[in-house]
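Next come two complexes, and both contain subunit A; in the first it sits with subunit B, in the second with subunit C.
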Partner chain A sequence: MYPIELKQVTKSFKNASGEGDLLILNSIDLCLLPGKSTAIIGKSGTGKSTLLQIAGGLDAPTSGTVLCNETDLGSLSDSKKSLIRNRNMGFVFQNNMLLEDFTALENVMIPAMIGGSSKKQCADRALQLLDKLGLSDRLDHLPGQLSGGEKQRVAICRALMNNPDVVFADEPTGSLDEENAREVENMLFDIVSSEKRTLLLVTHNIDFANRCDMVYRLRNRTLTLEKS
Partner chain B sequence: MSFRFKVSSRYSFSKIRGQRTAAVMITLGIAAGIIAMIMVSSIMNGLQGAQIDRLRNLESYDIVIDNSSLSPSQLEDIKGVDKAFSYGETSVLITDRTSSRSVSVRLRAFSPDTLQYPRLKNNLVFAGRLSSNGLALSTPIISNLRFLKGDNIEITFLRQGKKTAVVPYTADMEVSTAYASTLRSFSDTTALTDLDTFIEIMGNKDIHTGIYCSSSVSKTAALIKQADPGAVVMQWPEYNKTIYSALMLEKAMVYVFLSFIFLIICVNLKNSTGRLIDSRKQEGAMLRALGATRKDINFIFMAQGIILCLAGEAIGAILGLLAVRNIQKILVAVDAVAHTSISSFPFEAYISTGETCGILTGVLLIAILFTYLGCRRTYKTEIMEVIFNVSD
Partner chain C sequence: MNPFVSLWSRKRILRKGRLTGCMVLISLVTAPLVIALIFSRSMMLGIADRFIYLSDGHVQISDSSHAEYPADNILSIDETVTGYALMYGAQSTSSVSLKGVKENYFNEGRLRYMDLEFLPEDNRSSLNRIILSSHTAEKLNVKSGDRVALMVVPDTDQGVLRPVMLQVGGVYSSGYEQIDSNLAFIDYDYALKLFFSDESRVTEILLKDSSDKEVLSFASSVSTDGIVNTWQNKNYAVYSNFVNSRQMIILILLIIVFIASFFTASAANQIIEDDIPEIAVSKLMGASDAMTRQSAFISIYTVTLTGMLIGLAVGILTGLNLSPVLKLLSKSELVNLSYYLMDFTPVVPWGDIALVLAVMTLVSALSIFISLRHTRRITPMRLFTGL
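Then we have the complex of A and B:
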């Protein structure tokens, strides 16, 4: 059983002119192995983020199947899909997308609150994660009061809050300077491996990708295995 | 507190990106609308109450009955009826034979025992005795037309004819006395006569039964109707329905006018909610990525609008009711500034709890509808549209 499995996934968009379809992904097959990290690399505009979002149930494929622990996401209602996202998946985006009205601690607690956990349970787990990523002194800071690297570390904690099976990271260091990017990279790999989570990383940074167990390149709408 | 309430309450008065200003403006807009509605409604109630009191003085019977099969004494046995009496009423023309000057008056006819009823006796002062076939005129008519007691005057009635609907009928009557009254129902232009004389001239056509009630007028009217199903029982608003309808229409028009003002506020609420949601789209999308359902997101934005509306309603209700309590001071201030004399008009502004609750509920429902219209776009937005926009 794979935490995430894509079978013959195709994605196309309507052309801006409204005539014809623009094919982005063509018959993609991909399995994420439990506890392993997988990177998808490729040039900008090749559809890496689209592939990640389809795998994470944030977008629907035009055809093909996405399975999460053998459950077909395409057959689920919005609420059931949301439940799977909440329990089994965690997301880190290039733009950290933290809630600006909430402190670092509250931002991390939100996925557990959505899942209905008690405030104490949420706070305990969030404090533990924030402590691991060196943010114990930033608990009550609003995102506006944090640096780019700190924000991304909070986003990583948030992604891991509900102990998801898979963490999806879409260019998590894309908006950071080199030093911060390296720090966030290290922290992401450390915490994912210490918590034994599956990671799907999308990046155009080859060095970053090569730290993963498997690397795929997305080119001409198809995936090619580059490292295993 | 569930995450939905936590997020929506935090969003409601968020300081981020100037949203507090927008939220405060929405709240104040609703508060201003509520204050206006409560104040105008209270003033209208007060003015109408004063107006109705005056009109009730002009037509002082609580209930008028036509086509009754019950006698006045039988009617007095019904619970709530304090006094029942037959009376005649019609418009007549009185002409002074010497000067040929005429004046139109309302001729009312009572039996002598009716005039002994305390509510009439204590408010009618006769200079002499109202004799049979005699006429009691108000002191202003006596002095204007220079009548003397014992004068024979010409009085013209309009009564039912055999070939035409009405025919004029002229009779001579004697001025037997003058009267004065504090009751507006016996105004300067009212003449009084004996009921038997009236029936002799006019027949039974203009004879009605008047009722004074000792308890609730509408309950008493219902009991009379129950006891005498064939009778036409009219309460004050019915036999003065033209003026009463005008007063009600006036109130309705003011409400329509206020509703237009409120509609503008609500359109503003819809647009502001839309703008607030637009600025929160990314966060909404992120919440969905974290596991919130589409319903959760809609709830958050709807609750945000409702929280703002409730805050506006609370402020508006408190300030509006305070303003109503101090309306005289406000009107005096308005008079001083605008050089008017509104405050000299005697009325007491009031608003019932039911009316206040009605306004607040109505406003809340309208605000919910417009907030929903403002939120509707979130139903249509796919997560990825927003996340793509951010990534790009």
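Then we have the complex of A and C:
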């Protein structure tokens, strides 16, 4: 059983002119192995983010199947998909997507609160994660009061809050300077491996990708394995 | 409640500016509604009380010589004689309803509804006296102590018009021009000499419990050969006007409430539009559409209810302190004000207010609920596509 499995996934968009389809992904097959990290690399505009969004159940493929622990995401209602996203998936994006009105601690607690955990349970787990990523002194800070690197670390904590099966990371260091990017990169890999989570990383940074157990390249709408 | 829903709602409510503005606007809608209810209801009760205490009593019995009635709910019983006359001043005349009353007629209960100033005993002449309203006195250009001529209209077929001369023995003002413009009081025994018919002799009864139900119950329990009437029947046009006006006012206020609910719905829509990125993020983390709607509903509805409560408090406080403003208004020379009573005790009509607020609460809830339907269309993909 794979945490995420893509079978013959194809994605196309209507052309802006409305005539014909623009094919982005063509018959993609991909299995994420439990506890392993997988990177998707490729040039900008090749469809890496689209692939991650489809794998995370955020977008639907034009054809093909996405399975999460053998459950077909395409067959689920929105509320059931939400439940799976809450319990089994965590997301980190380039622009952190933290909620501006919520403190760092609250931002991290939210996924567990959505899941119905008590406030104390949420706080305990969030404090543990924030401590691991060196943010114990930033608990009550709003995102606007944090640096770019700190925000991204909060986003990583949030992604791991519910002990998800899979963490999806889309260019998580894309908006950071080199020093901060390296720091966040290290923390992401450390915490994902220490928590034994499966990671799907989308990046155009080859060095970053090469730290993953497997690397695929997306080119000409198809995936090719570059490292295993 | 789900901890996320609770936290999200709290954050939205506390978010500065937007919801505070919404709350202020809702208060500004609610407060005038409450003031309007207090004003209209208090004025109607004030007018009704003036009719009851000065003009008719709760129940009138004509020819009450053999009448029997239960004694437990009676505040006062006054024998009166009523008739009509034309009064002559130097430059104008006035038609008045004369009411013959005994000295104890002007008891504490009645004096609550009228300012009355008697002519000092030293200035009294040997003429019989009449108590005029300040309105009539002004119209006829007379004052306490002056003499006025009346042409008494006979109350029987055999009677003839009879001129009499009276001294103005006092001036009263009830504050309600429709009563003041034609009611004058004379001595009971003297009235008996002017008006002879049995129908002119009326016993006015004031009741302690004056609810419509009690008044009707009392009237139906009177045993007499004469005619029993309630003030509602005697002044049917006035009473039915009150009832209709009250219903009309409530109806108009309810329509305003419905219109105001569009504002609530539109505010809810705007708040959701503003929150699209945050809602999309919460859905990305697994919040269901129901949770999103529930939290948005709680925050917007809490603001609506708080706004309504603030408006209610402001409305009640303002409504209960309207008297100084109304007194100022009554001193103005506005002709239309003669149909209104400007001097009344403010009463909070809790029942009417509860009805209007209950409808406001339900309609707001419904309009917010409906306007939140489109949160379903906000998906995490909105974060990437910006659609």
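Keep this in mind: the second predicted complex is superposed on the first by the 228 of 228 C-alpha atoms of A that agree within 3 Å, B and C clash if a C-alpha of one lies under 4 Å from a C-alpha of the other, contacts with A are read in each partner's own complex, and residues count from 1 in each chain.
By definition in this document, a residue touches a chain if its C-beta (ideal position, glycine included) is under 8 Å from a C-beta of that chain, and two chains touch if they have at least 3 such contacts.
As the structure is a computational prediction, the values presented were derived from the model and not from experiment.
After alignment on the shared subunit A, the placement of subunit B and subunit C results in a clash. Look at A:Gln94: by the touch rule set out above, it reaches subunit B but stays clear of subunit C. In the superposition on chain A, A:Ser118 makes contact with subunit C only, while subunit B stays out of contact range.
By the document's definition of touching, neither partner reaches A:Lys48: not subunit B, not subunit C. Once chain A of one complex is fitted onto chain A of the other, the partner contacts of A:Leu58 extend to both subunit B and subunit C. Only one of the stretches 21-29, 111-119 or 129-137 belonging to subunit C has C-alpha atoms clashing with subunit B in the superposition, and it is 21-29.
Looking at subunit A, you'll find residues 49, 53, 58-59, 78-79, 82-83, 85-87, 91, 93, 97, 99-102, 110-111, 113-115, 158, 162 touch subunit B in one structure and subunit C in the other. Of all residues in subunit A, only 49, 53, 56, 58-59, 78-79, 82-83, 85-87, 91, 93-95, 97, 99-102, 110-111, 113-115, 144, 158, 162, 170-171 touch subunit B in the complex they form. Of all residues in subunit A, those touching subunit C in their complex are 49, 53, 58-59, 78-79, 82-87, 89, 91, 93, 97-102, 106, 109-111, 113-119, 122, 158, 162.
Subunit C meets subunit A in the complex at residues 2-4, 7, 11, 15, 278, 281-291, 376, 379-381, 383-384. Interface residues of subunit B facing subunit A in the complex, by the touch rule stated above, are 2-3, 6-7, 10-11, 14-17, 282-283, 285-296, 382-384, 387-388, 390-391.
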